[in-house]
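In what follows, a structure is listed as structure tokens, so that the remarks can point back to it.
Labels run A, B, C and D following the written order; every chain starts at residue 1.
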Amino acid sequence: MTKEKSKKPVASGHEKSSPQKLSLHVPEPKTRPGDKPDFSYVRISPVGETPRPALDVSAIEIRDLAFGMVRVLDDQGEAQGPWAVELEEDVLRKGLRAMMRTRAFDKRMQRAQRQGKTSFYMQATGEEAISVAQQMVLRKGDMSFPTYRQQGLLFAQDFPILEMMNQIYSNEKDALRGRQLPVLYSFKKAGHFTISGNLATQYIQAVGWAMGSAIKGDDKIACGWIGDGSTAENDFHSALVFAGVYRAPVILNITNNQWAISSFQGIAGGEATVFAARGVGYGVPALRVDGNDFLAVYAVSEWAAERARRNLGPTLIEWITYRAAAHSTSDDPSKYRPKDDWEHWPLGDPIERLKQHMIKRGMWSDEQHVQAEAEYDEEMRVAAEEAESYGTLQALEHRPSPAEMFENVFEEMPPHLRRQRQEMGV
Amino acid sequence: MTKEKSKKPVASGHEKSSPQKLSLHVPEPKTRPGDKPDFSYVRISPVGETPRPALDVSAIEIRDLAFGMVRVLDDQGEAQGPWAVELEEDVLRKGLRAMMRTRAFDKRMQRAQRQGKTSFYMQATGEEAISVAQQMVLRKGDMSFPTYRQQGLLFAQDFPILEMMNQIYSNEKDALRGRQLPVLYSFKKAGHFTISGNLATQYIQAVGWAMGSAIKGDDKIACGWIGDGSTAENDFHSALVFAGVYRAPVILNITNNQWAISSFQGIAGGEATVFAARGVGYGVPALRVDGNDFLAVYAVSEWAAERARRNLGPTLIEWITYRAAAHSTSDDPSKYRPKDDWEHWPLGDPIERLKQHMIKRGMWSDEQHVQAEAEYDEEMRVAAEEAESYGTLQALEHRPSPAEMFENVFEEMPPHLRRQRQEMGV
Amino acid sequence: MSMIEAIRDAHDVMMARDENVVVFGEDAGYFGGVFRCTEGLQQKYGKHRAFDAPISESGIVGAAIGMATYGLRPCVEIQFADYVYPAYDQIVSEAARIRHRSNGEFTCPMVVRMPVGGGIFGGQTHSQSVEAIFTHVVGLKVVMPSNPRDAKGLLIASIEDPDPVIFLEPKRIYNGPFDGHHERPVVPWSKHEDGQVKTGYYKTELGKAAIAREGREVTILTYGTMVHVALAAAEETGVDAEIIDLRTLLPLDQEAIEASVNKTGRCIVVHEATRTSGFGAELCALVQRHCFYALEAPIIRVTGYDTPYPHVNEWDYFPSPERVGEAMKQILEA
Amino acid sequence: MSMIEAIRDAHDVMMARDENVVVFGEDAGYFGGVFRCTEGLQQKYGKHRAFDAPISESGIVGAAIGMATYGLRPCVEIQFADYVYPAYDQIVSEAARIRHRSNGEFTCPMVVRMPVGGGIFGGQTHSQSVEAIFTHVVGLKVVMPSNPRDAKGLLIASIEDPDPVIFLEPKRIYNGPFDGHHERPVVPWSKHEDGQVKTGYYKTELGKAAIAREGREVTILTYGTMVHVALAAAEETGVDAEIIDLRTLLPLDQEAIEASVNKTGRCIVVHEATRTSGFGAELCALVQRHCFYALEAPIIRVTGYDTPYPHVNEWDYFPSPERVGEAMKQILEA
């Protein structure tokens, strides 16, 4: 390509300004307590618009998709467009059940915390589709590196809720021996990595784990998880660098639920761009997806998992969703956002949307739904009762022995730890 | 925009693979010692092709420019295209002189290190245009946060070379009192921040400094500098996050000289993408520029500086260049790349290219060039002789007093440091 | 005033006096911080002087360093000390050495605040005491108050200090003095003498210890929450302990320490951090060196154990008045 | 064999024995590391087992943790210890605690190697000794050899260790023992007994000190380069010092230390790191506690000063045989 010679070069300094007072820009959410919710800032593509690329696509080729939004379910509950996959009835039933049980579990544990039975709890309300649907495309041996808000990964596997509750209560049956804060699970048998209380640290570990699988010629893939706020952490960067450089078989998930405690996603960098757009700068193909659309989550997760399994490398996915509940039991969102925000969230409730789709397809009904809800509530009540019988924070006499503190610091206890344990008198 | 309803949704799992052995991809440069140099991997745009956007452009709007390359000087030494600015003769003369003196200085100091007069030296051969031209668009009070390879910033200001040499020799006149490794200058009066030996740490500091200027309603801007290899460091990420979020008045420079000691730029992520492409994911407008083209560097630096001064925020610039010499006096590049790489570098030598342009414009001649070279060599020889008279690593008796070690650890020396100084007996 | 209010007040006083003081951190702007230590500052001083930061501890500190070298006095918050590690490089390699390496051309007057310590069922990532990884760093000052009065005075002194200060806030005593008796109700600071905080500007000099209790039998070197635990231990055992509240760990008030140990001839060091290579080690090293001939018994350390901070077994880990009391008895018998 | 060759050999032995061992770091692949400690491994074992890494210390360690939890045994290189700080969070918050927090479900067998110490005119960013910021971290082992024989045996033991190990290599003695007499020519390891390194597989047990010199008058606790400085000091002063080469700092061989100090009644601690809160403090704290009644004089620390490592004044900072010798004389007179 040649260009005609520009006739007269532009004179230097033609745009030079005289000194001007600078000022600091501090992003601010559109609405604060008392305001009418306003989600006009969310870039939403029409259902079906964002294309489905070939599996072996490069980051550069699909760089514009980061600004689109993969959506499958339309407002009427119909599946539309290139990402619409005809899922078997039992897959949908399983997905709906897992999402509903996640929510019922959250409700029960939130209440347990309020009753002083545990120190802390974190709900995933409104975000259930993402972890549930992604888990459903994974295979045995794959490893997820979740944050504290991916309990859906466990419900999608019908993981024993008693084991989760025992951890939350730090009771005598807690597999983690009362060491970890509630919800910071570790369930290796479920492909669920030990959750860190430090944000973002595990994103690069997921990449390293996936590199390990590739180094060994294994066929396992890894999934990293991070929140919108936590993308600002440095480990986000190192994860993307390593994933891009070594083409690690990993799915890198960003759950953009619009909030990081009291900070809206603009404080993490979501004001002038979208998080998915980071992929291309690291050579990692990236998509932006309606995270409250179970079918879209399933389809894109499957696509990304396939890329990883065929040694085509990493995929970055920004899931757009909304943190409907408080950040944690220590948080009161009415202090920093409109009380009724969630009801106005334009992408709806993932459970309601899947329910609508299933009703549409004749697989489900409102009555069944109500009945299922009641059933799961009851299941959680009963399980909690049993878990509580093994101890809670109000019944410390049931807790794991203090001597456990010294176990598993190392594989073999060194002399100084033995001495300290003796000092403690246990 | 509406899409026709897809008739038959694609069946799930249609792309599902059976388990497949993964393998690790490790990027490898195209050529190694003994190979014929091959730079076909460098994306080079035709001169004049990459457009010049408006100053108040957004990162998303110009996201494709990251994959182009701003170039002004063509093979014949003519200025072409939308970025061609008619620079005054004295600007060009000044630029050429600064680049040539930089190179002469490097030559002399490299030799001094070989003679054992100092411990260490780092040349900027082949990259002189970038720092020289950028400095020429800065104003008094602006602050650069350079790496160890931006000595051109000082030459563009006619900074006293004796002060630089005294630092390199850690002699009795060294303003840094023999504390710092050679070339890790600090010259506040020249808008030259104290250089860290730790890579990338100062990129975010440049952003913070610029935020400070904006907070105070000042009119000063900052320039951050980083190498291709160092973009992998975490501080690169935090700098981009903060610059994007707060729209800091800062120019974020990436000097992509293709190498980081023995590692080619693919190891930092330059294989599947370009570094400039990182900008859009952080909401920072980004350009990719021929760094060996003095006129392009000048024009793009001026554009970015104007953006910053008008409170339009940060700009990320990837300068494409080549590290012609060894990484440092401790390095031997023939161990990991073809010996004659530099001669085949497709973007040439910045000094030769500006010289050609100036000759074309009738401002310069080959004879003048040879004469200037000799003059600068002699200037450096004389200056080095003087600097050496104040001490070198071979003449430690001239060094700053060991007591200096305890000074400026804090503004006021605390008792324990006073005690330790006494202990030392100084 | 609670310690939270005292810290907020120190910010307020300094932001009013010096427009170069700026405050930021995760959730520290609009909301005022998860512990509410910066509440109201954005509303009062504007978004450009008190704002929310991305979740990037290293970015927060790195940006603060840039601002400090520009000429501001940033006072930034790390949400929990357990999350300061990503910022460690910026603190150690940069903030602490900028003055020295530039021979004073550039300086870094900056405060990095963070809540430390356990006792709130926060598990291993909301309970750590990180002082020792900073006391080894040349070029830093390290401060830890034990009550609202000192908290305000020390924070003001830290903000005015020309060098970087690590300001550690024992979160267990944010709302009231806590002596380790978790089974008892918390007494608020308003009921405590040290909760009577002067209004307006005042400084508590860095580098000076306080004597929390005079005594003759044994010296207890401690800081933060453990001051209250040690006081309880003295009261409960009846041992006439001299309790030194170090307040500033770096630079250390060695004079006060030596004077006390030379008087009592016995020394116990109490801290919540894990033992090995904790700051207590430095205290032991100094005391044995400088008071060797006065010492009648080996110095005892009562500390957290060398394990991660537990969740449910918190009270077995937390150095209790009982443990301190036993050390007192042991050292008096030695 | 030089220490570099010994370290390379340890890698080679372990990569041949265990295909789960992988090696990476900045310039560590094709080129074999700036100190050439991994030279030839990529050529021998393939790019997927020995490769170059991006300049991202935290990425290197973070990825290594992921690999270790997958089931590999990564042994990674940080180019200089001065650059380990960005990785500090991954080491402290993750590697060190993964086994504990998952109750052994996930483990992190990983070695992080890095050159430490000065004496090469490397200035403040190529000279630091970082042991103390790791010895305070529960869940880590910390190792520092003083000669090629130990370097190989300890590195093999570290790679085989089921937990994360910080492996510190005193770069000043990579090529030959250095006793602080910088004015004298370097003697290569090939001329030294401890340079006679066995071929093939052998281990030097972690947690066990060595007696570098038996003696009766004073115990010197030290490690790395300073072992050689202490030996020189003993020889030059004629003091009959017992020099303990700790080799592993965590877990520490307390038995060996106590046995020696109880015998000599005097103790000097020597290290190159800055003094305050250095590892020497922990050694003082332990010795005064456990050998109190045997001690005839206060323990003396001979260390780097509490300033950044200087460039041109390196030899004034570096603990010299003279300084150690003077401490010996002082302690014998006490």
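Quick note on the criterion: a residue touches a chain if its C-beta (ideal position, glycine included) is under 8 Å from a C-beta of that chain, and two chains touch if they have at least 3 such contacts.
In this text the structure is predicted, and so the values were computed from the model without any measurement.
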{"item": "Of all other chains, the one whose Cα centre sits farthest from chain D", "value": "A"}
{"item": "By count of C-beta pairs in contact, the leading pair of chains", "value": "A-B"}
{"item": "For chain B paired with chain C, centre-to-centre distance based on mean C-alpha positions, whole Å", "value": "41"}
{"item": "Centre-of-Cα separation between chain D and chain B, whole angstrom", "value": "35"}
{"item": "Residues of chain B whose C-beta touches two or more other chains", "value": "23-24, 26, 179-180, 184, 196, 198, 211, 213-215, 232, 234-235, 237-238, 241, 245, 267-269, 409, 416"}
{"item": "Residues of chain C whose C-beta touches two or more other chains", "value": "48, 54, 56, 58-59, 82, 85-86, 89, 93, 100-101, 124-125, 138-139, 276, 306-308"}
{"item": "Contacting residues of chain D [partner chain A, same complex]", "value": "20, 22, 48-49, 54, 56, 58-59, 62-67, 69-72, 86, 89-90, 93-94, 98-107, 138-139, 141, 162-163, 207, 251-252, 254-255"}
{"item": "Interface residues, chain C side, partner chain A - complex", "value": "26-27, 29-31, 34, 47-48, 51-59, 82-83, 85-86, 121-126, 275-276, 305-308, 310-313, 316-317"}
{"item": "Chain A residues touching chain B - in the complex, by the definition given at the top", "value": "1-3, 5-6, 8-17, 19-27, 46-49, 55, 58-60, 63, 66-67, 78-82, 84-88, 91, 211, 213-215, 217-220, 232, 234-238, 241, 244-247, 249, 266-269, 271-273, 275, 277-283, 298-299, 302-303, 306, 309-311, 313"}
{"item": "Interfacial residue positions of chain A with respect to chain C in the complex", "value": "23-24, 26, 28, 32, 119-120, 170, 174, 178-182, 184, 196-200, 229-230, 232-235, 260-263, 267-269, 330, 335-336, 393, 396, 399-400, 402, 404-406, 409, 416-417, 420-421, 424, 426"}
{"item": "List of chain B residues in touch with chain C within their complex", "value": "143, 175-177, 179-180, 184, 186-188, 193-194, 196, 198, 201-202, 204-216, 222, 234-235, 237-239, 241-242, 245, 407-412, 414-416"}
